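Everything below concerns the one structure shown next.
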Amino acid sequence: MKKISVGIVGASGYSGEELVRLLLTHPHAELTAVTSRQYAGQTLAQVFPKFANHPHAKTLRFVEPNAAVLAKQAQVVFLALPHGVAAEFAIPLLQQGCQVIDLSADFRLKSAAVYKDFYAHDHPAPDLLATSVYGLPEVYRSAIKNATLIASPGCYPTSVLLPVLPLLRAGLVKSTGIIADSLSGVSGAGRKAELDYLFVECNESVRPYGVPKHRHLSEIEQELSIAAGTPVIIQFTPHLVPVNRGILTTIYLTPEKHFANADEAAALNQRILACYQAAYGNEPFVRLLEGKALPDTKNVVGTNVIEIAWRLDPRTGRLIVMSAEDNIVKGASGQAVQSLNILCGFPETAGLI
Amino acid sequence: MKKISVGIVGASGYSGEELVRLLLTHPHAELTAVTSRQYAGQTLAQVFPKFANHPHAKTLRFVEPNAAVLAKQAQVVFLALPHGVAAEFAIPLLQQGCQVIDLSADFRLKSAAVYKDFYAHDHPAPDLLATSVYGLPEVYRSAIKNATLIASPGCYPTSVLLPVLPLLRAGLVKSTGIIADSLSGVSGAGRKAELDYLFVECNESVRPYGVPKHRHLSEIEQELSIAAGTPVIIQFTPHLVPVNRGILTTIYLTPEKHFANADEAAALNQRILACYQAAYGNEPFVRLLEGKALPDTKNVVGTNVIEIAWRLDPRTGRLIVMSAEDNIVKGASGQAVQSLNILCGFPETAGLI
Amino acid sequence: MKKISVGIVGASGYSGEELVRLLLTHPHAELTAVTSRQYAGQTLAQVFPKFANHPHAKTLRFVEPNAAVLAKQAQVVFLALPHGVAAEFAIPLLQQGCQVIDLSADFRLKSAAVYKDFYAHDHPAPDLLATSVYGLPEVYRSAIKNATLIASPGCYPTSVLLPVLPLLRAGLVKSTGIIADSLSGVSGAGRKAELDYLFVECNESVRPYGVPKHRHLSEIEQELSIAAGTPVIIQFTPHLVPVNRGILTTIYLTPEKHFANADEAAALNQRILACYQAAYGNEPFVRLLEGKALPDTKNVVGTNVIEIAWRLDPRTGRLIVMSAEDNIVKGASGQAVQSLNILCGFPETAGLI
Amino acid sequence: MKKISVGIVGASGYSGEELVRLLLTHPHAELTAVTSRQYAGQTLAQVFPKFANHPHAKTLRFVEPNAAVLAKQAQVVFLALPHGVAAEFAIPLLQQGCQVIDLSADFRLKSAAVYKDFYAHDHPAPDLLATSVYGLPEVYRSAIKNATLIASPGCYPTSVLLPVLPLLRAGLVKSTGIIADSLSGVSGAGRKAELDYLFVECNESVRPYGVPKHRHLSEIEQELSIAAGTPVIIQFTPHLVPVNRGILTTIYLTPEKHFANADEAAALNQRILACYQAAYGNEPFVRLLEGKALPDTKNVVGTNVIEIAWRLDPRTGRLIVMSAEDNIVKGASGQAVQSLNILCGFPETAGLI
């Protein structure tokens, strides 16, 4: 299979670094361009010593981002940039024929008004919203295959959507009263020199933030609404915990069907299991935990896998669904490479196992 | 003020160690006896090098637990033992005239049937349940003053009850549909040599456990029901996060009064603030966070303080209340010493600031 | 005892914060002024939520640093500033009659030339070097008592000097070939928003730095040379390890007296023990570990204690001495308060136990 | 290339787990047997959820260790067992024609007397010592190729030997006075349910242990002596630091050639660089750090790479060499797979990049 040329704009953050890791060893992609204002002129090996043993890392140098140059070097370009900035790069790249996989929030929302409500500035390229595809492979695989602009999902949204979407689509749970409580590792804050993310400020600290209106709510609710066929509003509370990587999300749902005793719970549990197996039984990156196991971020860190488990509580009538993922892999760069594989017709697990 | 003699049964666990720390430097208490089967014969200084500079630590030796001997050495005895075992010590100590502050779950529940439901064995001393006082000073201060047997609350329950009780009592929130999502440091699992709590198994790991029916639900629901004047069933999900100490609890509540816009939210917020100030404005160990601050375990670790903040979410109509405490101090040993102070007529903050 | 008024210049870093903690609860000192360019106008409670329960914390506000104003508010002023900057504040404060306890490196060296060699700029106040006292209480207690300018030792130097000085003074070890290998928690880097000290960059990372000529060598060698009566040059390698606080130092020494077997080692060990007991047997903040115990930072964090243990190795003929301290307490702010106590005639442990 | 069948005895510890990880995805090996007394009967997927997405993990079950059965299932058998126990398995496996790669200390030493001195029991199979090959590929590659019994090196020894051996062989440094100071992650202690390795006991703790005679000294000194052509005795101090994985070793050496100024240091530095480049310039798993970079465990964790950097100190006349490796990969299981590759004629990096 001929290798496809890929580039990364903004390759020095945590998502960018992970894209570098995945693409350097990808069997069907060749990393031909990496940009970084801060590190322009340095080789990959200099900026990321951990990749220095890869032969390519000693020769590939970071360059200043330039869409015209990039378009000649790479057929597919990943954007690992802050929201707002990403759109500005996407426009010229698309015009020059590149396919773009954007890891920012810029093209995830269908509505420019919702974007403005949550991101507090006008959308920089509203015309593109209609053509972008939400890059959640387990849901939009066929659209991704034909996309030119893929909006790779956020880390928190992935951890909420994959567990909830099948249940909503199957009508197994109510679309109202949903609560998602998430715990994220510190890499989720990005590689930013801010006091709040110093080691001493995060170690031995557990804290909520962004309560009650975190930006990721916008894309979570958009996708839940599509699945439910009705507008969905949820509660979402992120917390920062002292791990490098990983998101653990606990979701509180109400089954459509009331269950009043152990027998009814067992029957409902079978329906939920069947629903999940139908949705994910053949998915290479979704691990349904049966038996007594519960998700643990340490079982997924460094992989593109999301773990999902659930429990029915006869005392409260609720369904509790829990997921664990690596926020930088399945929650960001791994998922983006999964989309690349679909887009280019590679095996979907190429470079990801 | 004459010093009171105190003893600790089971002084080698994390709660026991913290009791030692607090009582060694307590201005009005003298630690006269510490028991430990494992360390009998060794001095405090040998078992806990960190206390070795205290003169008492070089002479006070751990002894095998013996109620008759203890009763002669200590007027007040703290029990830092597993549930089930604690009750067996409480009985003879009480018979011999000691006052007992029990840190286990044995005397927290009023109903032996509920105890059996949650702890899976018959209650070892059901007759004592009627006389024991739930040792939450901010709620039961006057009863603690006259108690002979104090059941010091669990770590999770403290983090849920202090934020929720005033709201329920004031009728500001519904007693139904309450969800509490808690994150605990690893010391909460106790000093037990089990694989699950090894450094490598906990570091870089975030995981839920005990879903959906954790034992602490029993005392949480008992106390919420008393405050609400009606039986309360809640959802509670504990998670293990890699810090030594600290519990962060996020609680989802529904206000009785619907709020549909910013003005109504602001008005309701004033009522909540007034409710909390009435309940805790003069409490030395409850810190109400106003302004933008949210609870962070690093601000309370090592102290007997619980931080409480709250947010109204006009999008969902919910009230989110968050608390942070040190699970070993306000969640265990510090709170028990607070009860000692009340019981003995000492200033309530003695030895705790 | 009448309280003495104290101020802190640069109170928002980690050393400054710890000074605040210690001085807010000091029985004989009253914190009357705290300065911070960044936080001027805010109360202690706003900047450090963890101190918010102290009544003083809600009223005392950070102010812009101004020596003339400070001199009226505080009899003793602590400087928790970067080197170079500290000297500029010390001069006017001393001129206006304050006593100054400087936590920077500015007044630790007797030689302005050595200062320039290690700190790469001219000394800002060379005239003061002759009058400043090196604030290591276990060594310079009587000089501290009469000082007007105390240069509180660095964190690494404290961890090296206290273990080595008595051995050198007693002629038990050679003054040549000394190696000190230190591991420091991340708070040692200060509260600076730099990428290198982000949580993700430090967690799961162990790394040396400043090899081979760390600035602290200058004061270590100055004090070792005084004790040895001859110029001493040592090897010193600091490492960064992922803990908030604590320094563990392992020092390799060669005994003057050769020991060739277990008996000779035992005899030499007795002399070393006697030497340490003579030096530190009555010191409240030095803990000599006998028996099998080795130093562990977790036993000293949060305290002003340094732990010291040693082993003779008959295989190599070396003496290995190990120490553990809290870099922010005994290595900085606690030691500075210990000097305050000596300076003012308070009990030396006041506010430190 | 036909796949070779491999088995792992003792596959449930940390080294065993890492062998499973590496061998499940190895392009030329097929994992046909895993043993564990504790987990016999369970699948790999059940014991190690993180591997559950590998198809093999759902079918391969742990079995009780049985050499006769193993010898039929696997051509090459890895022993990830405690010392003493490993030898008992090696004997029958070798007799039945297997090739054995032992990760324990049982076959690393050439002298049964030294083994007894350091391991405190008679060697269980002294006859095999003459035939075993010390599995350090960068040194014994050709012997490994023809071995039947490979003794894979210890984690600490690898971190000391690779940096020091070339210098000793080239006569660039003295064979006397060597000091190695190592910092290890907690996985080095193994998956053992002991209080000392609980999260709470290791987190926020830094401590030396095994001072002054750690068992790994025996193999370090054996190999240094071979390289030096004369008996070498060194000082070695291990420390435990709170990371899951990684060893950082700092080694103090004395160059044979004195250097008195910057020019002489630069000339000597060139010789050292040339020596290292000759030894490791083509090694895929040794990364020589030139320029300003120093080793950092976070750059090697999860890889089979060892980073090496060095500094000459004109003040002391010493050479300081620093290395970083993953104690479980290059220090254990990765290195063992590297030996497998050599033994079987696979590309040496197969399954390791």
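Chains here go by letter, A, B, C and D, matching the order in which they are written, and residues are numbered from 1 within each.
Here is the rule we use: contacts are C-beta pairs under 8 Å (C-beta built on N, C-alpha and C of every residue); 3 or more make two chains touch, one makes a residue touch a chain.
Owing to the predicted nature of the structure, the values given are computational and were not obtained by experimental measurement.
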Steps in the shortest chain-to-chain touch route ending at chain D and beginning at chain A: 1
Far-end chain from chain B, centres as C-alpha averages: D
Between chain B and chain C, centroid-to-centroid distance (C-alpha), Å: 37
Distance from chain C to chain A - Cα centre to Cα centre, in angstrom: 46
Approximate Å spacing (C-alpha centroids) for the pair chain C, chain D: 38
Per-residue overlap in chain B, given as positions that touch at least 2 other chains: 185, 201, 203-204, 242-244, 296, 298
Chain C residues touching chain D - in the complex, by the definition given at the top: 177, 179, 181, 183, 185, 201, 203-209, 211-213, 233-235, 237, 239, 241-246, 248, 250, 252, 294-298, 301, 311-313, 315-316, 318, 320, 322, 324
Residue ranges of chain A touching chain C (in the complex, touch as defined): 14, 185-187, 191-195, 197-204, 242-244
Sites on chain B touched by chain C in the complex: 25, 49-50, 52-54, 204, 284-285, 287, 289, 293, 296, 298-300, 302-303, 305, 307, 353
